[in-house]
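Here chain A shows up in two complexes: once beside chain B, once beside chain C.
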Partner chain A sequence: MVETTLVTPAETHRPNRIKWGAIGDHTILILGALLMMLPPLLALTTASHDAVTIHREGLQLTLGDDLGKNFRTAMFDKGGFTQTVDGMLMLMNSFILGIGFAVGKIVISMMAAYAIVYFRLRFATLAFWVIFTTLLLPLEVRILPSYEAIQKLGLTNTYTGLIVPLIASATGTFFFRQFFMSVPEELAEAARIDGAGPWTFFVDILIPLSKTMIAAIFIIMFVFGWNQYLWPTLITTDEGFFTLVRGIKQIVLSYTDSQIPEHGQALALAIVAMIPPVLVVVFFQNWFVKGLTESDK
Partner chain B sequence: MAQVSLEGIRKVYPNGFRAVQTTSFTIQDGEFVVLVGPSGCGKSTLLRMIAGLEEITEGVLKIGDRVVNDVDPADRDIAMVFQNYALYPHMTVRKNIGYGLKNRGTPAAAIDAKVQDAARMLNLTEYLDRKPAQLSGGQRQRVAMGRAVVRDPALFLFDEPLSNLDAKLRNQMRIEIKALQRRLGTTAVYVTHDQVEAMTMADRIIVLNEGRIEQIGTPSEIYHNPASTFVASFMGAPPMNLIKAELDQQSVRINGCRDLIHAPQSFDGPVTLGIRPEDVEVDEQGLVSFHVDILEELGAHRLLHGRIANQPFSVMLGKDDAAQVGETKINLKPEALRLFDRETGLRL
Partner chain C sequence: MKRAGFDTIWLPMALLIPQLMIIAIFFYWPAGWALQSSFFLQDPFGFGSTFVGAENYTSLLGNDQYKRVAGFTILYSVLVTFFSLAIALLLAVKADKVIKGAKTYRTLLMWVYAIAPPVAGFLGILFFDQSTGPLTKFFQMFGWDFKLGVDYNATATAMVIVAVWKQIPVNFIFFLSGLQSIPRSVREAAMIDNRSATGRFWQVTFPLLAPTAFFLLIINITYALFDTFGIIDALMKGEPGNNPMTLVYKVYLDGFRGNDLGGSSAQSVVLMALVLLLTVFQFRLVERRIHYT
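Up next is the complex of A and B:
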């Protein structure tokens, strides 16, 4: 399909030859896509059966009758030990975490990159590399001190405690730094002569120019934040702060009084948890590609 | 409108590079001054110091009666046009032109009126709602001009504003910029490496070389009386011929053979002899032998490139004068001869 050969007039008269290469490419792509689609599909079909069937027979390949019921129970029935959390609350918590995480990272890393690139700070380069080396210290490595700090601050079981410790971003700072460095210096100088101070320049010029970049980073970070598991597990013990990703496991545990685990509901919740990141990527993929490849200067 | 004066201005970059040696000059109110010189000679540095984008290492800079060394660029009452135009890509032409006024708190209605005026002056009215990416190079250049004129500043600063245009457009914009500056009567400092731009646009030219001023003068003075071999070879196309010669009182000797040329002034010793290609005549009875290697047909005139006494030499002839490749004789107009010190390159 993506063949760009020089077509001479003589060749245009020939019937289209079968492009074996293209067929091979597509076969591989289709197989890959099917392979990727299989687990979510299985989750969906299995979620349409009742708990007993799933417990007895394992994963289901056919659609059963309980799809609606499982989704409804998972999303709207109060559950958990306290019988106060439903899927909707967890969905909201996931959104708060995903958006807070992404927005926080963007704000912080844009400001850091702005300071590093545009102000003749004495140790700007050093500061940048120090920020950059934090890539070697992901949350998992520093999780104990981080937990200790948040606990001492009394921020466990708060949205602040959930989000703020995660928003420092070396990756974001790096991307924005590279982008700002590619913006012509004369733009800042012209704005300076036009009477724009540092803040005005940032808001009037730099932020609009970074639009696609911001969108791209938002997508990555939203998905990343949405899928956080370890930190939320540590920092929130109150079920009112549970996110979907955590809640899935909770359903399986909390329904086990004397019954078999509600696997159907858990899978329904897993599908709900998958949808927002997928939608974000599907709807913003144009921006995403633009932001990472071209820059609108 | 303002007079600009530089008193003992010097620039040393933080890395120790001396970009501009101590310089002093004054630009008169309403004057169009062109800073010209080869790439890297410090033109932009000098201009950017006037704009306030680069710190002045030493010296006093005055715009009008005010010392502006420590004044922010926004408060110097200047406008600058950059080589790459530096238009704000996400703003329409209207917003681009009005941005400086908006930041200065001008009421929206007044901004609109001024932007309209500027756009009319620059034939941009129908493009006001486009973004820079939707404009041609020439139109972008005009928007950059619009951004400068709309604020009615005391001083225009141009840093190679035409370098990104093709030759035809460049000629046209050259005339437009000059005409606009005349009409507005605003003092202007214009930086270029193109000696044609300098010659055609300037009221006065400042020739820079390696951070030093080589000469300040009107285009005619610079052309006819270059102060050094550098100016002689940099200004004018084709450049002035420069050949090594010996002077014995007023008689000139080139490469040992005594030719009967009379120098306009008396000197003893080695000199560099300068003469413009158009001040040479081909003459069978001429006193200097000239070997023509190449004949260049330029339409209005023709250029002969060759050697005299094994040194490169060019002659410009009218389009009707006969010429051919090979050995010939020429005469140098004595009154057009310029003598330079062989060592220092300075005019004798």
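Up next is the complex of A and C:
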């Protein structure tokens, strides 16, 4: 800053303008944050009211007295069409799907990626193409034939039928392949000179080296598995296998069929369905962002 | 493949088998079966099927309802992609610029990523509730008698809004990381060359962001085509009726509710071709973007 007694209009003006700019930036960001935050927050506040209030007045801005009651009823009272499922069971199924899918996908794709990258195989190129063609067709596109296949195998209403077909895509393998390619060549060479076999190298060197990547992929895959809707809708017709996300429509329908829809309880379940993936994404943000932007989905 | 690879045969075979088996059973078998059954007409009561050649495809092209659904899918993809990209870009540029609270903003703007589409759709139902929904009231202020699930345009609008909202975080994350990877020296040089912030953005930042934007374009189209199923299903409350729907939803509807296996398979194959086209673009892009070091 030049110290001078003569203050030119430009100098008095500029600091002001910069401040206004920053205020503008923050205003836009705050509005954006509100846009993203408000709907789930309103869901929470509304879930704390009784059915009559929600039915008559809609979304609520303030906290009411029924938050605990709505959550208790939604989680522990048997409901659904068959009166046999409660929120806890669906929560458990959601965890089975989320974790089962993420772990299964990571184990299977790491093994395949290791085989493709680190071995001189005649059919490695063929295996590569066989696996990577699956990237071309997401499950949604081949949903009907996949369902037929599962039905022929008698796997409807099983965790296997729910989880394994979702793993049949190369996203994980592709990601680990990319990562293994970026590992320095010298590492494998050095390991070989030291007498480490391919299995020792994989377990003792490569897997520990991939820890961050595994964590990042786990977060993305957990959220992806947890949030599955179309596939579970087709495969699980038995309410005992419903996940929270899969059950949400049935819940909403069965609650809204009554005279006064139990929106409070439906919202409580929706919030329970949001919390685990949201917590994972928020707490492991750095890994998650790294995994997302580097894996290119 | 690495230069310094191992020579063992049995280990890589054993490592590849689980993945190959899963893919064979749950990918190649079903995909092949879809292709095959798209040329057959299935008896609605399950008594065999007749070979009809390309009839399932030609009847798709002549079907007005299918054309309407295809038209809506295109419009829907364009709107969802455009608005979620535009809003996310604006927010990312601002989040990249501010110094105070940058991390907090990032967290607040990205966590909706973790919300499942049908859950977002359910929240949408409450916001667009016919008598109490705040957004319904907003549209009514402009004299639009907004009726979700009854009025085609109203349902379509709600579907677009919820889908855009749900997709902003992904785009925001990619744009922000794209912006943050622009070297400081480039920014400083641009600072000297161009004093107007808007000019700097369009002449320097935006071209540098173009690869990210193009990649996101494909991600967003894929999202609008496939991942919005839950949103659409929730917002039409289980009653397709006169409501708008995307091509994927129609595959589901015809195949599982209408029992039109051949027609649904033909639709699947059309979708496969569409995705194939998109992915070829994407692959070329990914190969260009990633440099193995």
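Heads up, the rule we're going with is that the second predicted complex is superposed on the first by the 247 of 297 C-alpha atoms of A that agree within 3 Å, B and C clash if a C-alpha of one lies under 4 Å from a C-alpha of the other, contacts with A are read in each partner's own complex, and residues count from 1 in each chain.
What we mean here is this: contacts are C-beta pairs under 8 Å (C-beta built on N, C-alpha and C of every residue); 3 or more make two chains touch, one makes a residue touch a chain.
Bear in mind the structure is a predicted one, so any value in this text is a computation, not a measurement.
When both complexes are superposed on chain A, chain B and chain C sit side by side without a clash.
For chain A, the partner that touches more of its residues is C, with chain B and chain C as the two candidates. Touch criterion not met for A:M92: it reaches neither chain B nor chain C.
Once chain A of one complex is fitted onto chain A of the other, the partner contacts of A:A127 are limited to chain C, with no touch recorded for chain B. Contacts of A:E189 after superposition: both chain B and chain C are touched. In the superposed model, A:I205 lies in contact with chain B only, and not with chain C. When the two complexes are overlaid on their common chain A, residue A:Q285 makes contact with chain C while staying clear of chain B. When the two complexes are overlaid on their common chain A, residue A:L63 makes contact with neither chain B nor chain C. Taken over all C-alpha pairs, chain B and chain C come no nearer than 7 Å in the superposed arrangement. Comparing the two complexes, residues 186, 189, 192, 296-297 of chain A contact chain B in one case and chain C in the other.
The part of chain A that touches chain B in the complex is made up of residues 184, 186-187, 189-196, 200, 204-205, 208-209, 211, 296-297. Across the complex, chain A is touched by residues 1-9, 11-13, 15-16, 18-20, 22-23, 25-27, 29-31, 33-34, 37, 87, 90-91, 94-95, 97-98, 101, 105-120, 122-123, 125-127, 129, 131-134, 165, 168-170, 173-174, 177, 197, 215, 219, 222, 225-227, 229-230, 233-234, 237-238, 248, 251-252, 255-256, 261, 264-265, 268, 271-272, 275-276, 279, 286, 289-290, 292-293 of chain C. Across the complex, chain C is touched by residues 21-22, 25-26, 28-29, 32-33, 35-37, 39-40, 42-43, 46, 56-59, 108-109, 111-112, 114-121, 124, 127, 130-131, 134-138, 140-150, 153, 164-165, 167-170, 173, 178, 180-182, 185-186, 188-189, 192, 197-199, 201, 223, 226-227, 229-230, 234, 245, 248-249, 252-253, 263, 266-267, 270, 273-274, 277-278, 280-282, 285, 289, 292-293, 296-297 of chain A.
Residue ranges of chain B in contact with chain A, taken from their complex: 51, 53, 72-74, 78-80, 82-84, 86-90, 99-100, 103-104, 147.
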